[in-house]
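Dropping a structure here in structure tokens format, bear with me for questions.
The chains carry the letters A, B, C, D, E, F, G, H, I and J, assigned in the order they are written, with residues numbered from 1 in each.
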Amino acid sequence: MLYLVHMTVNLPADMPASEATALKEVEKKLSQDLQRDGRWAELWRVVGQYANYSIFNVAGNDELHEILSGLPLFPYMTIDVTALATHPSRI
Amino acid sequence: MLYLVHMTVNLPADMPASEATALKEVEKKLSQDLQRDGRWAELWRVVGQYANYSIFNVAGNDELHEILSGLPLFPYMTIDVTALATHPSRI
Amino acid sequence: MLYLVHMTVNLPADMPASEATALKEVEKKLSQDLQRDGRWAELWRVVGQYANYSIFNVAGNDELHEILSGLPLFPYMTIDVTALATHPSRI
Amino acid sequence: MLYLVHMTVNLPADMPASEATALKEVEKKLSQDLQRDGRWAELWRVVGQYANYSIFNVAGNDELHEILSGLPLFPYMTIDVTALATHPSRI
Amino acid sequence: MLYLVHMTVNLPADMPASEATALKEVEKKLSQDLQRDGRWAELWRVVGQYANYSIFNVAGNDELHEILSGLPLFPYMTIDVTALATHPSRI
Amino acid sequence: MLYLVHMTVNLPADMPASEATALKEVEKKLSQDLQRDGRWAELWRVVGQYANYSIFNVAGNDELHEILSGLPLFPYMTIDVTALATHPSRI
Amino acid sequence: MLYLVHMTVNLPADMPASEATALKEVEKKLSQDLQRDGRWAELWRVVGQYANYSIFNVAGNDELHEILSGLPLFPYMTIDVTALATHPSRI
Amino acid sequence: MLYLVHMTVNLPADMPASEATALKEVEKKLSQDLQRDGRWAELWRVVGQYANYSIFNVAGNDELHEILSGLPLFPYMTIDVTALATHPSRI
Amino acid sequence: MLYLVHMTVNLPADMPASEATALKEVEKKLSQDLQRDGRWAELWRVVGQYANYSIFNVAGNDELHEILSGLPLFPYMTIDVTALATHPSRI
Amino acid sequence: MLYLVHMTVNLPADMPASEATALKEVEKKLSQDLQRDGRWAELWRVVGQYANYSIFNVAGNDELHEILSGLPLFPYMTIDVTALATHPSRI
């Protein structure tokens, strides 16, 4: 099942650079694992923002929440989820 | 170059059904032609709405506007365009 | 899978009363069929508005869109869908 | 009487983890007590967010406020309340 | 139980003056009946707008919706309802 | 002259409890004095929020601002004021 | 007493030009009468919009509503009123 | 003096095509005259919308309003004006 | 040239009272100098808020920005500027 | 390819003045380098705000994001990007 997910990252201004770097590295690795197994199906940067649009392909709502809430940056992100359906004009 | 495009359709309540059907058929054919040549790269229905999220893969801003403004439903759609860039964590 | 759905109805001011009544009767019957088979799991009126909040229990995004877009009042409704997951404090 | 309640939690970034854990444990126990006695009638997680939608079944406005303002996380939540009425199509 | 209700009236520009006048007269009579029996407890005009803020004192959500949805101007109003509770500083 | 006033309180997360308590006590006493002399004519809690709706009955704009800006919690509140007029249907 | 008033005019697209002209002439005359007697104290056009910002100097809320609701364009305007008080830095 | 102007065009769905075409032709000619004399300094299409962003270089507020309100499409446009100043980093 | 300016002040909760007082005194003196020379033409307090609406009468956009950005409270204010033009009904 | 970019700067209230000054100097130099090579094609201050509107002329989405995310003030800015196309009335 497909979902469009919009994530905006807001790290606290006083977070030590080392902590931010560590968080981002774990986040990147986890993201790439999920991309490899096909669940994080697409990942694009929003131009000019510390934000992304992503497509997730998962079994359903529970799995999507489990993935998103398990991201290291989750406490620092604003996330919006849009449920997607098959479009009748899709070839 | 990639763009996320959100289209919401609002047909006038008093448009004759035959006119609406004809418009949608031309729109569908045009959409499928653009999907086949790769420029309308993705197309999803937003659950519960007469709306879609799409990914366009085009040469740039001018080509995207030419495509969108040439859609038969263009006068009846609210369209938002988000420019996308390569994400550093993309595999 | 569960979804919270918010529907607001806006019938055109010039729709003949007989047409509105007919639409609402078909809508009501369809809604009650879906309540009986368990897919339209909950249905509440928003106080002071021609609107409802509903819980749908369906197989996934595609089935939900098929149901919502098949409602007779669909062309006259503004619909928002929120994907729901299991809450860890739920007993 | 039924109410739809939307709660979004925003813990301060500098709250010690032990304090957050303690708050959440008390919140969870209180929530489960209220679920058991039927007043916190439904509880769902919003996918991708530290937020929930809940249904409360209480005697009225005063009891609902007493419950919500007594939650340990109340000072850290944004809460919206929608009064619900019986829907005429409800079976 | 108390509720703050905000009503904004939007009559269609092409409604015949006689129909508008008739609607408003029935609305006024019904409003005054409800004021006399204490359920429409307060009624104020918003300065500069065809809108009012009102306080309703009713048995609960269902009765409030029954009253509001029965107003002759209901199809032409945007209504927002805020549930009110006793304030601890109220004398 | 009547005004509807909406106040939402946002105390800083790091305000010492003793300071918050002291502020609220002075606020409560001042509010009750103003209720007794009739200027703070109505006071209701918004269900689920640290907020109130109030009716003020004062000589005019200047007196209302003097009262509101003199509240101990004023620096921590978001306040919206709506000027009210006599409603023609008021009995 | 002073109020800042923002008025935006939205004439229906199908209003006959003669009717619009007549309305505007009556509106203009009434506005100028109110300017002459000092109650419509200031009147500015918002650049690029069929809208104005105005200052009214009237006895209070009721008089302001009486004036605004009596304007010929009132049914076609969106009006927002801001109550103004004396500023302590005003010379 | 420079201004950023955002114009969105909303032609009524029932405007005859010939009338729309005639309006657009006059608008285009007027726009090009203003571009030639330097007052309509820049003109860009917003991708995916019947809208533009423009830079105007005029003597001041009055001249800008005179130009904008004189456009044939003015009654059908939503216009926002942002006053611009010299940026200290501008070379 | 005239501009309507809306300023809302948000001082940090942890700014020492002496610093706030000093800032406000310099701001007040500067404001009064500008009122005396006619450029800060009007100044009103918004009832219930630490905010003002002002009219500035200056040579143009650059002078207005120079004045506003030179105010001691500028770093702590949210400012909106509306360019004003002569109204055709102004006497 | 052209883009309209809106940047609003929000420096933390507790950033040392020397750090802010250093950041702004590097930002200014980088901005001027980009203006000289033509990619930061236009740069205007928004009157009354610590914000700018800019026109970027770059090869595409990726280059624009690389530039914007490389600005020293990027972590402290809210940035909105609007893709621009050639306007048919442009001379």
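Things worth noting here:
By our rule, a contact is a pair of C-beta atoms (placed from the backbone, for glycine too) under 8 Å apart; a residue touches a chain by one contact, two chains touch by 3 or more.
Values in this document were obtained by computation on a predicted structure and should not be read as measured data.
Shared contact partners of chain B and chain I, listed by label: H, J.
The mean-CA centres of chain C and chain D are about 24 angstrom from one another, to the nearest whole unit. Measuring from the averaged C-alpha position of chain F to that of chain I gives a distance of 26 Å. A straight line joining the Cα centres of chain A and chain I is 43 Å long. We define each chain's centre as the mean of its Cα atoms; on that basis chain B and chain D are separated by 39 Å. Multi-chain contact residues of chain B (touching two or more other chains) are listed as 2-3, 45, 47, 61, 64-65, 81, 83-86. Under the contact rule stated at the top, the pairs of chains that touch are A-B, A-C, A-D, A-J, B-C, B-H, B-J, C-D, C-E, D-E, D-F, E-F, E-G, F-G, F-I, G-H, G-I, H-I, H-J, I-J. Those residues of chain D lying in contact with chain C across their complex are 2, 4, 27-28, 31-32, 35-36, 42-47, 52-53, 55, 82-91. Within the complex, the chain G residues that touch chain E are 3, 5, 12, 15, 61, 64-65, 68-69, 75-76, 79-81. Those residues of chain A lying in contact with chain J across their complex are 13-14, 45, 47-50. Per the touch definition, chain H reaches chain I in the complex via residues 1-3, 60-62, 64-66, 81, 83-86.
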